[in-house]
């Protein structure tokens, strides 16, 4: 028995187990989705899902399934759930190549019921691009800041807002970037207040934390 | 001019600049405190303050100053500020040696106006100790989880609650601990949802994030 | 002469040399198996064997050969050897993606004559899954604990049992996991008593140690 | 309350919590010893205890306390416990400078009731020194192999015995030794069967695993 | 003969050898200074000079010697040399604790004949502090940017100017800062154009490069 | 909107944004080039461009586009811009395999209007090859020094010239080279004066800094 | 001009430049071979040569060319040169997978005129295999010791001989082997006298050093 | 019994065991020296010996003992042994701060009976200093090259000689030097032929290898 699905998680954590598809066979993912559907779960999410996996699932799963291509996310039994109507989460990213990770965060946030504002390609090399969106960032209940290379965006943003900044280092870069280590260390050493960090490329993890914060701000959870 | 104090920070971030005392001379810290007092700031905080520094400040500063020894924190012009009355923040720690970092978080949280519940020495080697405090942890608006060595506590706690867990790796340990690297990597790779991480031994940083979350949950900020 | 097979190992160590197939050509593995068969060895094992290698050996070897696909193990001249009848070894794993490594350990243990109980996908994110199998774990003569990502499972298990826990970090994860480094450091720094660690993804090595322990508990070896 | 002593550990794990003294104040260690004595625990052990700490405890504790200087261990309420009479554990070390770690392992093993044979300074640079003690090593129920610098001793020993080798890398060395990393990696990558590894300088941890194995071989535990 | 002073360097490189005092005995530094004076060199500089070393040299050297305390620099036979009259070099630093390194750069630049503008404690946590000095930075012929912790200052500055930015990571910080590694990687991975980096804490090296650039801009060298 | 092109950069930095093509889709690069052409920008450069990308752009872009194959650079709307007529920049490389990076630097420098002298394959293993080109190197306004493996070239060159040396470590090498780390550390620790370093394989970045220096020496910028 | 062949090297170093083929195009290698032949060089060697490269050269080069497949070496204008008749060099390797590196060393040694004794697959897991070849190892003028995984072979061999041991770590292994780092550190930290180390997988480099030593022992060079 | 002296080593390796004094108590070193003297050994060497240790030994040992202060070496029962009369070993060092390591090599070489030429402070920043000693370097039977910081000296020297270069990286430097890692990697990745490397600061190890080579060149050993 290769998987013991944590059906109890929704009760404990307010959301079902999310399937990390990388490193699982198509058959394993299908089986897990089927068992979750059987148990009556909704908004069953798979992250790191290739287009091929999506097509395999569409073919073989009895239920409808949606694919968010830029975010590499599949979602079955998609329903509107209790919304967080007050305010929004801002997802800010530094460069074009960070798109995949930023979209992973943004789509997860939306499925979980949050309003999202996307502010992409505003890295510090041309800092005026960031300042022209300051309003949407400062008014958010939480900010997800996505950046590769030197990852300086998170510190600059955190210095300008009074809400938590969840920083996501990405593996975008080369050489002394060491697959994201550079951005990771930058974010952990931020001299600005209010930054907490998740794993390299972990848009999903940042979205969950931001969703929890936004839910608290909405009096939910 | 060695310091440009960010007097504007209170407006931007809801709290004054906090002085990181390590690596500054006693004279520099004194000067910074004096200038902040002049500007009318209150609850002026210095972290990583040795007992010697505290005594120097007590002697030379015109204002009262308090020392939180276990937390290595000094505070001048201590006043009650707008409280976050609803709920509390839980500060959970794994071992006795993590005390300094946990107290840094707890004291900062209290000065910023949060109710704090301390649950110390509940590391996973004897996991029943954690379970016997589950209520206080699950009912918190945010959890600060402090652990050295392998830092497994953060994952276990996060798997049991629906609120954000701010994880603080500590440098407690030896050998392949590499001064906290081990606990840091553990926390960044948490398989549980809802964990975000701050720098090794950064109790202060975790407290600020948890305070922001608790304030949102209280409708403040 | 590319290989000096250690035919004496069975006498010294109670088990024949096991062939690590990765990095060897099909011809080299075949030659080694043939020479071991000539010398009268039984239960000749190859680890890290691809399906292609298995098929090549089946075609070219004069003897029957078995393939354990999930474990990536081939075995020629499979016979029942002296069993360890008293008790069992528990193989515990954290997630679905750790299956390959867990199965490598489990199959090696079985070929060497041990009863094995498999308890898979019980990672600490949903710790109740572990507790519902506590009996099988606590009654084992030795536990093999397999986990990637943050690898916290080994510490939690070791805190609950009085027998040796052989911990196997896996390379499952991404980003700051650094191909298993994260789980490796976690396990080496365990705050729980009774944990010893083998190389990343080394299910084979853990099985050998657990087999030696179980044999001692059975009065063998 | 800085410490929640795990009084239940003896039941779960067959031995009381052992106090890691490094990083605790003398007062904290004293308090923990007093509370354990109150609860009726015996053979209360403190590791990494300086001579100063020992003298402080001797002065202030109402009970007798013993100091094992080379091992840096204190022990209060020392009593003979259920012995493992059959066979012994061999503690093998590579060089003179590994003495502290080897003695930590040996003394812990003796307090826990095991017969210990010490075979010190038999590193691979003069491998005949090892061979002249082969009997005592091959007849042991478990071997603790302690080595710094390149740590090759563990592989050589493991290639010669049929029982588990618990390898302890030490921080002895300089330069590219990187405080024990070199020996640690050597031991994790052992090409010999039957090696499991504990943290750098963790003589205590190796002793506990070896004790568990020897107990199983004696039908105890 | 412990030192072969490179008296030819002035001809090759336009400046005499500078003595790195750390790791040399007081006697060695004295001897080197004496021999350089004999050869008629002027503006003989020692970096990383402690106050004790300065006092020893003052006592024993026949020539006047100046101490720049914040910069930890000694200078013998101080004379005005050919100035770079057009324009200036800006030395920008992130925090109070970066002072030592920033001053090392600034003093070296001044001794070598450059106008220097110091703009200290303008790190990105309060980015308005930087913007209020933009004029002096944008009009410089070269910028030396000194920052520890996450070192984001260099990228932000480089995005705003059209002249070379010589970035100096400092070892200021703790934990995942890894003694300056974090700031070093940030600066090497800068997404802004025109950044080149020197070693951690190497204010001296940055000053030499900036001096060469300013000299070229002045038509000298 | 995946890209916010920094059209203002030419004003701030004297050169347009350069497109880093790696990690962008062909469609994304095309779109960016089209939008820059619309805005009237010239000499629009893409780095890390594969031959396939070049052919795609040639097909789909309305403007002429040039491909510099060895440098992996595409350039649209190529025009002569204000030249730096006085002097040149020397691009020096250690081995044949460093060609790609050296050419990236040389071509960027030429497009930006600099005279370039290429001196390739003059690594320190046969140091006479370097000495026979000393004139061209010593007379340059700036030197770009490109080297992989141990990267010693930068130090040797810097010891011989009075102008800034921009050092580019390359990922050429194997084993303990760790993908360029070895050359990077060498260059950062140079005992010669006047070396500043850019990221591994970052020929582009070095070219920009050298261009800025050469422009200053020409009285431009 | 992509290559400045060091034709002078034979005079300076007693052997022609050897071509490292990895990372060069087939055309580049061909051109270099042609130019060396033109200059009258003999025994022109290319290392890291794939079978494809060999076939391309055979087709296009006017001279005969030999391929040593296991060693991945091509050699043009192969002639017997001045031999080192007295004694031999021993090439010792730990496992089957180290063959490629060991053969690189052995073939280079033979082309350079040395007698070579190959002693392969004698790793420390079965140390009797090494002892049964002790004569050939102890009588060598120099030993090349090739090993991956934990690389303990070099220390054990060096402890048994009075001649220099040139140790070659290989990238054979997985997990905490970190592509040869483990064996490299082992060899650098050898507790035995007389070990010097070359880069990971650098059979060529070891052969050159061993050849120089053997030549000295033969009174040549 | 803390030490098993390898009295057989002289027979196996031509030289007695050398005592590494760091990390041993004064009593332990004394005991070891006494036992070696008893056995009739001569030229008993202790490395890494502080002046205090030397004085302790002088006081307590019945035999004469010599102290080489710059080399931190003690030697008891100093006698002339079989010399290597033909030729010499060159010890070359880069900077003043490398003196300790260079002297360790030079003194060991002399005690073992080799002629030594010292050529110190000839680092590549002023490469003419090296060239003016080329004769003594090129005529040596072996070269020991000692360098810290970027360690480029070894490559440059090896490119100029036809004999083996034993490279010793030193921990001299700061920042990205990482305690000698930088020089170590440089030397391992040398693009010049004939370099083999020992551990950081291991002057002793280099001396032994160079002594073995010089002995072979003298027909001894």
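All chains are identified by letter, namely A, B, C, D, E, F, G and H, in their written order; residue positions are counted from 1 within each chain.
We adopt the following convention: a contact is a pair of C-beta atoms (placed from the backbone, for glycine too) under 8 Å apart; a residue touches a chain by one contact, two chains touch by 3 or more.
If you're wondering where the values come from, they're calculated on a predicted model, not measured in any experiment.
*Asks:* Hey, what chains does chain C share as contacts with chain F?
*Replies:* A chain counts here if it touches both chain C and chain F, which gives A, G.
*Asks:* Moving only to chains each one touches, count the minimum steps from chain A until you reach chain F.
*Replies:* The fewest touching-chain steps linking chain A to chain F number 1.
*Asks:* At what distance in angstrom does the C-alpha mean of chain B lie from that of chain A?
*Replies:* Chain centroid spacing, chain A to chain B, equals 26 Å.
*Asks:* Chain C to chain G: how many Å between their CA centres?
*Replies:* Roughly 36 Å, centre to centre.
*Asks:* Taking each chain's centre as the mean of its CA atoms, how far is chain E from chain G in angstrom?
*Replies:* 45
*Asks:* Going by the touch rule set out above, which residues of chain E reach two or more other chains?
*Replies:* 12, 125-126, 159-160, 175-177, 181, 184, 188-190, 193, 199
*Asks:* Output every touching chain pair, sorted by label.
*Replies:* Touch list across chains, by label: A-B, A-C, A-E, A-F, B-C, B-D, B-E, C-D, C-G, D-G, D-H, E-F, E-H, F-G, F-H, G-H.
*Asks:* Quick one: in the complex, what on chain A touches chain F?
*Replies:* Residue positions touching the partner: 96-97, 99, 120-122, 125-126, 128-129, 172, 174-177.
*Asks:* Would you tell me which residues of chain B are touching chain C in their complex?
*Replies:* So the residues of chain B in touch with chain C come to 94-95, 123-127, 149-152, 155-156, 158-160, 173, 175-178, 181-183, 185-193.
*Asks:* In the complex, go through chain H and note every residue touching chain D.
*Replies:* 1-4, 6, 8-9, 12, 17, 20, 22-24, 28, 169, 171, 179-181, 184, 199-202
*Asks:* Taking the complex as given, what residues does chain G use to touch chain H?
*Replies:* Result: residues 12-15, 18, 141, 159-164, 166, 184, 188-190, 193-199, 205-206, 208-209, 212-213, 216-217, 219, 221 of chain G touch chain H.
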